[in-house]
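By written order: A, B, C, D, E and F. Residues from 1 in each chain.
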Amino acid sequence: MKIVLSIIFLSLFSLSHASVVDFCVADFTAPNGPAGYSCKNPAHVTANDFAYSGLATAGNTSNIIKAAVTPAFDAQFPGVNGLGISAARLDLAPDGVIPLHTHPGASELLVVVEGQICAGFVDSGNNVYLKTLEKGDIMVFPQGLLHFQINSGNSQALAFVSFSSANPGLQILDFALFKSDFPTELITQTTFIDAAVVKKLKAVLGGSG
Amino acid sequence: MKIVLSIIFLSLFSLSHASVVDFCVADFTAPNGPAGYSCKNPAHVTANDFAYSGLATAGNTSNIIKAAVTPAFDAQFPGVNGLGISAARLDLAPDGVIPLHTHPGASELLVVVEGQICAGFVDSGNNVYLKTLEKGDIMVFPQGLLHFQINSGNSQALAFVSFSSANPGLQILDFALFKSDFPTELITQTTFIDAAVVKKLKAVLGGSG
Amino acid sequence: MKIVLSIIFLSLFSLSHASVVDFCVADFTAPNGPAGYSCKNPAHVTANDFAYSGLATAGNTSNIIKAAVTPAFDAQFPGVNGLGISAARLDLAPDGVIPLHTHPGASELLVVVEGQICAGFVDSGNNVYLKTLEKGDIMVFPQGLLHFQINSGNSQALAFVSFSSANPGLQILDFALFKSDFPTELITQTTFIDAAVVKKLKAVLGGSG
Amino acid sequence: MKIVLSIIFLSLFSLSHASVVDFCVADFTAPNGPAGYSCKNPAHVTANDFAYSGLATAGNTSNIIKAAVTPAFDAQFPGVNGLGISAARLDLAPDGVIPLHTHPGASELLVVVEGQICAGFVDSGNNVYLKTLEKGDIMVFPQGLLHFQINSGNSQALAFVSFSSANPGLQILDFALFKSDFPTELITQTTFIDAAVVKKLKAVLGGSG
Amino acid sequence: MKIVLSIIFLSLFSLSHASVVDFCVADFTAPNGPAGYSCKNPAHVTANDFAYSGLATAGNTSNIIKAAVTPAFDAQFPGVNGLGISAARLDLAPDGVIPLHTHPGASELLVVVEGQICAGFVDSGNNVYLKTLEKGDIMVFPQGLLHFQINSGNSQALAFVSFSSANPGLQILDFALFKSDFPTELITQTTFIDAAVVKKLKAVLGGSG
Amino acid sequence: MKIVLSIIFLSLFSLSHASVVDFCVADFTAPNGPAGYSCKNPAHVTANDFAYSGLATAGNTSNIIKAAVTPAFDAQFPGVNGLGISAARLDLAPDGVIPLHTHPGASELLVVVEGQICAGFVDSGNNVYLKTLEKGDIMVFPQGLLHFQINSGNSQALAFVSFSSANPGLQILDFALFKSDFPTELITQTTFIDAAVVKKLKAVLGGSG
């Protein structure tokens, strides 16, 4: 019985080339395209491709923002390639801040695992949505909108966030303006922020122009 | 200056009807469609619509599987409607098991927050991918494939999972077969499981037929 | 007139490289990605790429399930690559059964061409939907849900099915559990099926572990 | 055991409102939107919603084209709403013709069930792809391209076609030009077909203007 | 001949309810959803629904930014609902500036119709892309990234922009920060901009908090 | 401060391989796939990749249709690859005509920049939508439907069109029929246009068969 059953279904799987089936673990050595990275040869895929330990260690928060973002996007975690999901870890020491930023290609869902976090976003109508989240609370940040997270408690805070894309992107407002070579004159023209303020922040963050 | 600037942009926002902008918080009282629920009137949307506390409390694991799944899909958390993401909380007491199941409409990403979890999935080629995950580890389960989670440690385990859809669906294999009115004769014909086994499991889980 | 008209439109088509236009016949020798296979050079595409005769011959039903599934997914029929559609042929001898299975990546539409077929699926709420279909009847199986087809008549049955993806995937429940190396202990833990039953079915279907 | 198991999962399904789960059978009495019709109340959905007998009867081919198209789009078959798939039946008497047409919103896959069919399509580069298909052969027509089917055998021909959308649309070239109120002057200007020819075909097909 | 031909195809169009066909003109009086507004009754749709004159008149640039943005999103131009495209008109007097902003839900393509425009955007890697565009030049701004347009010539500039969504959204950085009730303390914490600067810009733009 | 801040975020960008971030400029030398061309190495991308001057020059309208279409699809303008948008320029001398055509893969939005244009399309129900557009007016043509543009004024007309895809395709009806090798007999059978008319137009446009 075993042999006969196998025969009938063998035709489904005895193909002469690797089939695109169920998943597409990223192969960083082949070309990528608008939908993500090329797929690793399925014959070489193992369980290890679908798990990632890079978020198990706390990020180093001994810095000016007293916070750390550790991404597990497709570029770090090849198993999520093409699956429409990815993750990151947020560590916030007391007074830690994840500065105002956007994810151009995804909505974000945050879950607080330790501590207390004040989070917020602004919509296209300039409405501000603020929440103080306790352990176990979740919050969603719609795609592409400016948002932030602040440790509003007295102890270390830890959150995991997930994204509706394997490649959400991350544009940190201050870095876009003040850690880039965005010409100061253009920044002042397009933001109304004084040149002196721009130059000061560029000096701190490493921008030029 | 303030007045003039406002005037020029006023035209953008002085619309006579509510615009579909940035998000679509679910309105459970209006019709839903293939893309999700109708949108709540934006004028009534507040920060509370984007946060959810339903995952902050541990699920009750005093049951036969010693585990609990608490969903935060669009039906529970209206803020995720239309955003392509949702979440759930998994509580597993020692020996706790989330039985074999699929999410027909989404891939899943799991992060272990407490304890140790053995998780796995099977692909279309009948390959089994198993991983033992420690605190902070993440794992992804490609869309629609059978998968499970087991507490493989000695203490309570806690995980948060997120999905690539606001409405991932959840089909628990045992419930589909043995907690439904799926006729026993059809189950035996389509699974090769003996009628006696089917009847026994139906008696336990509450199935009929 | 002919010459002038040609001149004006020539600019549209005198490109120095092959354009992605209208279709993307699979090139199995190039990398594939999350959206499908790379495209065959359009200059080499012919009408033969868009037709397939692999479903013209009845599958061999001289086996334990008295049935055969013959796929025309992108891996067999390169013309459907990227077009969001594919097909398969179902042959069912009297008493033939297509065992319980899912397509993780597509909805399915079946049309009965010969004989009588009893088909059904189970949804996330454990509701079972059963229909007996006569020649010419069609039925749809929503994406990712467990479903089956049985020859419920006295003669050979033939059906053609189509899918809402060029690569729907196919997970046969019994094969996932009993024709794989899914450890018996994990199967019993995650399905409540006795180890003895699991071992017996593994022996029949060729599973290990 | 039965009771306890039920309790733990009850929280998943004891929602106070109908959830968008797994499918969205069309409710023609509620508003429709870009993604399809509103969903019928899941509590009223039965197996009958997922099956359709409208393609079981041969279309009437006693007409000038000696052919008939019988659609099973979402408007006829509410079960396919939102599932990205639909179907139609083609009956072609000897010499029957399905005139040149497009489906603006879907690719099409045809399977010949009886007789012989000559089918073809034209791409953006004005390349013509022609195939003569025998019983059991399949052919795919990429989205939006002009295509046709002709009975090229001596007997009645029957084909079933499926589409990569629940609402593929159908634009028959001759009807768009000659069964509409498209002003004759504009037709001649935009097609180079003589006014006399246009008027003659309008007289036959019922066009005006 | 005319009558018979009509009969055979009548079955396609003699449906008892309005079908979702080809387009979905927005009905602002019915519920909207994640995919856009509900569809206007097709029987009431006319050519006027697909055209819009709101961009024919120059916006008023007698203001502090010497510029005006006039949108033709689905909320203004109901014909684009569900079609994945929309538009806007940019008028820039000499020295006019469209301040730094994002479209959370769409990529943008700009064409210069009059004058000279300097445009730029910043990517997730803090790279700045700047171009000076002359009449007839086009430029694309990838989805969700900060960008701006400045009149870099000596005369009035006019540009038309289109978007890859009927509802691209528009988040103007300065308005999000300084024309909202975003608490000053949170702005300083999440942007490193001094409170004094924040307060000054809020006074100008009308922000509170 | 500058150094420390940089350190904490460095982990985000110190990846060992180029990440798919924000955009995917087409690399015409690598394979393409269903979602578009492969991505150019981000390290080599400059502002020039996102701008295009090919639409700045008027097309040559000294031809039989007194019109010209100049495309800026992904094949001409690699910066739009994967961004879901593209453009084209329409030049129409007095009496100029863009013949009846479809874009199989995109909706189109037209803006009149100079002159007066009469445009129209036909839907699946054979309804014709006609509008005379003045300077600054916009019109949308739903995906895949037959449409045209005619200079209805006394002077040169100029329009820019954009598409909801980087690769909309372009099927010109007359070219598909009469500039191809579509056999005359099949054309007459599938369009009811007399063979003599077909042959005459083929002679003009260069068709064979």
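Methods note: a residue touches a chain if its C-beta (ideal position, glycine included) is under 8 Å from a C-beta of that chain, and two chains touch if they have at least 3 such contacts.
This is a predicted model, so every value here is computed, not measured.
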Shared touching partners of subunit B and subunit F are A, C, D, E
A student comparing A-F to A-E should find more C-beta pairs in contact for A-E
Matching C-F in over half of the residue-numbered contact pairs, the equivalent interface among A-C, A-E or E-F is A-C
Given over half shared residue numbers means same and under half means different, the subunit B/subunit D interface is different
CA centroids of subunit A and subunit B: separation to the nearest Å works out as 20
When centres are defined as mean Cα positions, the distance from subunit D to subunit F in whole Å is 26
Averaging C-alpha coordinates per chain, one finds the centres of subunit C and subunit E separated by a number of Å equal to 41
Residues in subunit E with touches to at least two other chains are numbered 21-22, 31-37, 104-105, 120, 123-124, 130, 142-145, 169-170, 172, 175, 179, 204-205
Chain pairs that touch, by label, are A-B, A-C, A-E, A-F, B-C, B-D, B-E, C-D, C-F, D-E, D-F, E-F
Residue set of subunit F touching subunit E in the complex reads 13, 21-23, 42, 46-48, 50-53, 55-57, 72, 77, 79-80, 83-87, 89, 106-109, 111, 113, 120-121, 123-125, 129-131, 133-145, 160, 162-164
Per the touch rule above, subunit D residues touching subunit B in the complex are 1-2, 4-9, 11-12, 15, 17-22, 24, 27, 30-39, 81-82
Interface with subunit E, subunit A side, in the complex: residues 97-100, 102-105, 118, 120, 122-124, 126-128, 130, 142-146, 148, 150, 169-183, 186-187, 189-194, 197, 201, 204-205, 209
Interface with subunit C, subunit F side, in the complex: residues 28, 31-37, 59-65, 67-71, 73-76, 104-105, 167, 169-170, 172, 175, 179, 203-206
